[in-house]
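When the chains are written out, they are named A, B, C, D, E and F in that same order, and each has its own residue count from 1.
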């Protein structure tokens, strides 16, 4: 790379006020989409997280794993039915989901972060009863798809105080020992709220909220939570964007400083969001 | 039950000196065999662990999961070849092993212990680089079967200091980001050594070391580590007993106070070992 | 004893939820009556206290010593006059009382508990000004019989935090440097209130509160503090029971969780009360 | 008093270097003789101790009580036989000794110090097994007169760390639960050694070690421990001085900085020793 | 000096209750006038401060330096104009003021205290932004004469917690990086208020507030803050006394326990004020 | 600036391993030359220091101030004579030096760093007796030019532990209360040694050590301390470079990891040295 030493120094110095602002604060990142598939993007995210940790930010990473679940279900010859984008989850499926999320995706991320010199522990909502859930109320029976009823922040606080990035698989325990699959965006939002996080960052495969969903140049950079109903009425928030925006609004309402929908396809999008003036994606406050 | 209040009190009082002896010490339990399958035995083990934790013992639980791995491999249509009792583990197999151990068995145990009012976190050897391994040297290539090269006790100490029972799936990370399957007895022994544990307890499906392996009345209750070679020569330590005895001897040599092979088929065998005069199974010192 | 190992384990496990409930809480025991005279009972009480301490209960022991005081007074040729069950206490008598309680009974108990592997310090109400008193208002002059005006919990908290069972002789200091004899039940009740104890346990030589004081089968197991006036009117609470019940009611009113009158003649009555379902004696709440 | 404010200030300022020297150090005082009888002297000693505590000295007070024991023995019609200045102590006598020392003298001192705004707890050698003893080897059977075999400093350190002056009655526990009477000078010397005290101060009723025991002007202000045998041979150390000097020498040998025999009949002799240039009495180093 | 040992002891003992009262409290001393010029007085003040520190008082010393500033200004050939007793302070003058106060007077005092075995650090209002100021509003432009807008107690608390006496030069930082000269009495008063000090002591060259300013025998020893307006109307508080009294009243109003105007010409006037009954100078409450 | 967000992120990520290496370590910077004069360079240095502090480096800044001293001496009409580059320092001169260094340069730097959101306290060698010195042995009498005899790291450690950058003026106290001027390079080197710093950085107005002092392209990037005598013999280390190189060698010999002579005229030269591969200037190890 041909960046001069002088330019390097300038970049570091210009990042300074952002680092000062975020030091000691908590940032919850929902990690998913392309950024979890593409090897280059994966490395970039790991670097971003290690850097955040080094400058004193308490990072919590919540991950999804839809593709890995699909692959495993396929392997055992099982096909999922989806209702409104949610997987109907029978007993056999939830077992596979748990195995893939908490056993494979989660621990692989732990190892990957360690290989970038980060320090991580892999947890799921079952550890120290971190996430409690009940069956999601829905018109159609979705099986073991859960709705969070309580969040215990103790295992996350213990992890960050011991210098770890807690990496969280979005599973939750039910009252009778059953396990529920939880939407990763929702889990991240609720955890962010419980930890009184400064920021919730949802990594997606879109630029952010677009005024015209087919034109990436129509990005809406900043949304006040109170404008959301109007934007929904105008048809600007639609489809898969609805639950993501709901998570952001819910988090902000519960005391999270700011919530962001950012484009995980751009390398180092988290760093750009945190340490530059322009920001990236759409911010809800 | 018809135990009188007076007898109850006597039992508690007679347990007193044992509790005093063990309080504040570390006990590493390898959990496996029937005790992991039978529901009544499982509940009994959970009770034992919660009680140990309550009277001030630092408990670390290392578990196996051979049966669950077999079931899952079968589900995906894969058959394992065994060499000297060890599973040949190709890339696809180690993925399944990781999923089952770290994702299913491990987190199910966490949840089960929590339901008995214990507090647990589910870890594996990848968390904070707890277990490092290299490929096991063997006459035949066994694939991702590993030999431990280093143990990082930090995540275990953090867990016990925060009041958790760490439950450990015996996986380890390799130098190049690969994952190794580790024998659970060996993992428990090495962890016990690293933590300078007072006791290592291996739960098995036999009474202990028998002078005549077909006669349960020939139990050898106590073995000095130095007698082991002679016992092996005499044919008393044979077959599956050899690696278990090796683990015990290795642990004792590395500074663990005592190592025990106990009969997990007896309910509350851990409590009986810890809190009574007679002990149970075979003790190595 | 012919209790099987299996039964022993069951007893320990069944004690588990009670241990969990009481761990970290404070229990104040008034120790007196037969349990302070009979050697077998004394040993049993010491065991009970050490066990409580081991499972994380903060125990405070307040003792009486009427018999030892009588013996010593007799030795120096002095006879006590009693008014309403209270000893008229002149200057010479209070000196003897102080010597016997704080010097003999108290320190002997400290030594006895240490011999059962407990750790204790012997305090009286004069240490760090723990108990302040003024002359008890009474129709007839009782001399140095005092009424507590203030409790300083510091020496008790320091003792329990350092891992000791504080054993307390019920003496109190007056404004002008004089010393008062304090009823041990009352001292225990006030100390329990000051420490926001979970439980106050008064060891007596009766089964508890009996509906018919001549029939031990008429035990009233549970009494709501508000029912006491009625029970008194009905003649069920009479004689020596009146001040004991008053202590219990006073303690409960001042914030103690529960107050118990138990039968100290039954070995391990404290353990039975704490660690079994049935309880023993009469509980006030 | 006609000391001017200016002189008062000078006195305080001249005490400064001594205060700086002693702050944070431990001083063990054996309290006895006239200073424990005369009311004016008693008040003066209490003031001295409170002042020491305030300027950051850790004070431990070990007291005797021969006169009070004599009075009580007389009251119960018991006469002591003395052999070489030591009281033959049968079972009945040791009970009286314990009562008087640990119950009366000790707790009265606690109360007296509190009335001078000091903070104290009254302990004896039985508390937390502070002093262990066996029967003193002697040509004639002296009964329960003990020789210290071990000192547990924990209860003393706990007391001073919590801001208390521990006041110690010189009793010790034997192997079989018996109690021994310990010479207070010896107890103070052994405690000082165990606490690595800066100073041991023995309050006596003489000026110090005199070259001519009938002439108070022949005080020997400083003695090197190694000179003691010669002084003894010369007949300068004789009679009751022998055991006191032995205590001082023993303390110094065991690591105590300096040991002093001072004249308790002079008011504030401790302060004069600690905070002035001239010192007072005889110092052993 | 001919003060007897016995009198020395009495003085120490009589200081006891005062020491007990002040231990652990904060005392802010404005140091100035003759006490900063006369070598004997300077030594006396240093002794007083070290003694205060030793008996557990947290001391903060704020100093002036008018004479040293005058001398330096003269050296560089600059003359100050004074308006209402305040120096018109142009850019060149404030530089000299800063150099002399923070560089010379301050660090010389640090060294002097160290030579009396005290431990000190020399700070000014610029350190950790301790004092913030804006230009003093005045009829005439006084240049860099400031009015405190905020006090940051962190550097003072860090210093006292680390065992130092912070010695403070009364300079303050402005919003645009400019430096202001602050009246030392005012700085001391505001710092005392921010630290919730027990006492503010202003050392002056007068006896205190005099009913007749020409007669030192008319000292008013105690003034209630509410009486001040009346005293001012009566012409008792006039001239240079007005701002000093205002500082005292302001400090008391902001929560300082007591404020004192004392005569720094009397050696050890601080000690006399703190540790004797009579006090010295005028106390405001 | 036209650096793209993507490039910014890359720069941050590439700085990561350097940040990881230095976090928690101590770096002592000697600040002087052009970097203390040019406003742009001054701002750049302040940014560098704040950034270092933020990523967890403990920074200590030692400054010179020759130009400011010259200016002030000129103002008071005093001329300095120099011997071997060292200023002959009479009593009047050392007073000016102290005022300028500790009062003006030092506190101005504190304020400047605070304005860049850093947190600093301004100390000199007199604070808590940080630097002790005696008169420098020299052929000609140089007056108050000192040689360091002892370094007390306490005030520096207290400052860094409380989150401050200690900024140090190179003055030292003598045995008799006199003050010495210390060469800033030497002070920095000795402080670095005492703190077991990872790095000593001397900011100069040259590129580093040049093989041909007239050709900046002949920079020697790395020098082993043992090669220095040879380089000196070869005439490569000459003139003003000699004492600087001696400081580096001395620091390395006393345990400092690495010592650097860097070019302070290049903006952000410290950052470039710390956070890039190439380094800058000459490194001694």
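A few comments on the model shown:
Operating definition for what follows: a contact is a pair of C-beta atoms (placed from the backbone, for glycine too) under 8 Å apart; a residue touches a chain by one contact, two chains touch by 3 or more.
Here the structure is a predicted model, which means the values were calculated and not measured.
Listing every chain that touches chain D and chain E alike gives an empty result.
Think of chain A turning onto chain D: fitted on CA atoms, that turn is 180 degrees, to the nearest 5. Centroid distances built from C-alpha atoms place E farthest away from chain B. A centroid comparison over C-alpha atoms places C as the chain most distant from chain F.
Look at where the CA atoms of chain A average out and do the same for chain E: the two points lie 57 Å apart. Our note on geometry: chain C versus chain F, Cα centroid distance of 70 Å, whole angstroms. With centres taken as mean Cα positions, chain B sits 35 Å from chain A.
Residues of chain B in contact with two or more other chains: none.
If you draw each protein chain as a dot and join the dots that touch, you get one closed loop, with every dot joined to exactly two others. All the chains close into one ring, and from chain E toward chain F their sequence is E, F, A, B, C, D. Interface residues of chain E facing chain F in the complex, by the touch rule stated above, are 72, 75-76, 95, 98-104, 106-107, 110-112, 114-115, 119-124, 126-129, 154-155, 158, 162, 164, 171, 173, 177, 179.
Across the complex, chain C meets chain B through its residues 1, 3, 5-17, 19-20, 23, 44, 47-48, 50-51, 54-56, 117, 266-268, 271-272, 275-276, 278, 280.
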